[in-house]
Amino acid sequence: MKWTWFHKLASPPHFYRLAGRLTPWFGWSALIVISAALYGGLVLAPPDYQQGDGFRIVYVHAPAAWMSLFTYVVMAVAAAVGLIWRIKLAHAVAASCAPIGASFTLIALVSGSLWGVPMWGTWWVWDARLTSELILLFLYLGYMALRSSIDDVQRADRAGAILAIVGVINVPIIHYSVEWWNSLHQTSTVMRGDGPAMPASMLTPLLMMFVGFKLYFGAVLLTRVRGEVLRRERNAAWIGEVLQK
Amino acid sequence: MSTPVQARTGAMAAAWLLFRRDMRLAMRRWEQIADPLVFFLMITTLFPLALSPELSLLRNVAPGVLWVAALLSSLLAADTLLKSDAADGTLEQCILSGQPLTLLLLAKTLAHWVLSGLPLVLVAPLVAVALGVPATALGVVMAGLLMGTMTLSLLGAIGAALTLGLRRGHLLLSLLVLPLAMPLLIFGARSTELAIAGENASGPLYLVAALMVLALTLAPLTTAAAARIGVE
Amino acid sequence: MQLWRGERHVLRGVSFAVQAGQALHVCGPNGAGKTTLLRVACGLLHPEEGSVSWNGADIRASGSGFLASLAYLGHEPALKGDLTAAENLAFDIGLRHAVDAPQVAATLADLGVADCADLPCRVLSAGQRRRVALSRILLTGAQLWILDEPFTNLDAASCERISAALAQHLARGGLALVAAHQGLNLQAGSVARLELQ
């Protein structure tokens, strides 16, 4: 079958070496793309005609918000793969995703709250996106709390996987219910950070920022999964071989 | 003492047996039913004391008070759903009985709902009236809470199964279940709000019903999978 | 068969087969993994490597077919304290097949706990609860018995009765996996020993 490559990738020693080689590529390209995007967004792009320079926080807020959701989906898919095909590496990926995703969520929340000051003159608005992010943060915290209170790694993996899958089914429901709730109560404050109306000089750095955040996510995820693999396989013979090199 | 080979109990009969057993157990420990109910009444009493006895003001916050109180008392009750069965080994025996665990746990959750959710729905009109909700809205309040508490019991079962035997399990259960219950809170409270304003509340009620159907189909499967992990 | 529990490699390289009419006596010091082994055999735990087969088929594939022929006695007697012994048994057996009330009474009497039938299980002594739980095993009519420390809290006379019931079970072509500190008082030849380190 063609699945041999897959099993090879899922074997911890092979993955460990491959990830070690890939991480610098992801890391450096993330640094370059994000630097370029920051220069484009903070220096080259013109100020917004309504918000002035305040809008520039979108270059952090929007990619972080997007990545917080993206990471949750990655986590749930990895968890499902681990649960169904009993692949330990997939569980390690899921476990590594949670703190990264929670950090992205936190960045989105803080940047969104900072954005509130120039936009609405207040640190917190019950805006649809911010509220969704807050609930997403709770989902991440619940996942991490569940994992941390189970001592047995395999049980933690599988219980966490179930929670991640339940969570990912709920994420769209939460998202739309919050939007619906928000549209009933305060229609005027829906935050629109991106949209087709943006001129190219503003949009290009934003899109580059999305790419840069993805690359950064790749680098951090690979690093974390390597650490997770080391921790889980610390009694395996190949670790000694790898570390002696 | 030879044991003849007997016909296997059907899955539905087994589920019904478990439902009846839980009912009988509850009848012998009725305080289990009373606890969440008293908790519900007490939370709803806190608000007039903290805010003001003014009915016109309470009427505005009544949807939130009713639904948040229902949510919290459901969480309180969910902790007891599987705990004793896991501790005394009967959950293991259910798993090993060869009957579909999903169905058994659905029966168990329904029994739990009849004992903890349904009483709450029945006293809700009293609480609602005390909060200034007009009599015309009581039907919507009860219908919403009927479906809402059912959904909460099903979600609580997932949380109870995931936290089986864990230290700080009770607190963890709330942390896991609360974010999942937020859409329900939004739709449920909105239906009550519309009913109090004398408008048509069927839209959000349908959404609450949709959430209940989703929970009825998916939650028992999840609970069963989590319970198998929990007894390891 | 291999199994890790957290940091510990609980079972390593354990392998056994049990034939009809045979009992396997699992012994070893505390913490050797006796309970773990029995739980793996029930399918409650899954080994990292290796498998458990029943009638030549993996138990995870045969599912409820295997469970229908299994009766498990765990550390906990699995009795509800607020239900009487008879009610507990009626539920446990009822999950599997129709309950024959006179047979339940006869089995309880056989194990010397007839007078406990209508008492709530919480007032019973540990030994009485153990015997009620053992009656469940007898009543299921399962072919495979997996018993974890069946003799705990039992007096000498009760141990005799259980051993006799076990011998009868084996004579009928039943199988048993028994974890116990003391030896099984059974006919030589029908008992295999598995020593865990």
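Going by the order they are written in, the chains are A, B and C; count residues from 1 in each one.
The rule is short, and it goes like this: a contact is a pair of C-beta atoms (placed from the backbone, for glycine too) under 8 Å apart; a residue touches a chain by one contact, two chains touch by 3 or more.
Just so you know, these numbers come straight off a predicted model, no measurement behind them.
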item: Chain whose average C-alpha position is farthest from subunit A's own; value: C
item: Closest chain to the centre of mass proxy, which here is the mean CA position; value: B
item: Interchain centroid distance [CA atoms averaged], subunit B/subunit C, Å; value: 35
item: Averaged-CA centre spacing for the pair subunit B and subunit A, given as whole angstrom; value: 33
item: Between subunit A and subunit C, centroid-to-centroid distance (C-alpha), Å; value: 49
item: Residues within subunit B bordering two or more other chains; value: 232
item: Per-residue multi-chain contacts in subunit A, two or more chains; value: 152
item: Residues of subunit B defined as touching subunit C within the complex; value: 1-9, 13-14, 17-18, 21, 24-25, 28-29, 84, 87-90, 92-100, 231-232
item: Contact set on subunit C toward subunit B in their complex; value: 42-45, 63-68, 70, 72, 74-83, 87, 91-92, 94-98, 106-107, 110, 120, 138-139, 141, 165, 168, 172
item: Of all residues in subunit B, those that touch subunit A in their complex; value: 158, 162-163, 166-169, 172, 175-176, 178-180, 182-183, 186-187, 190, 207, 211, 218, 222, 225-226, 229-230, 232
item: Parts of subunit A lying in touch with subunit B, wherever the complex brings them together; value: 135, 138-139, 141-142, 145-146, 149-150, 152, 155, 158-159, 162-163, 165-167, 169-170, 173-174, 177-178, 180-181, 184
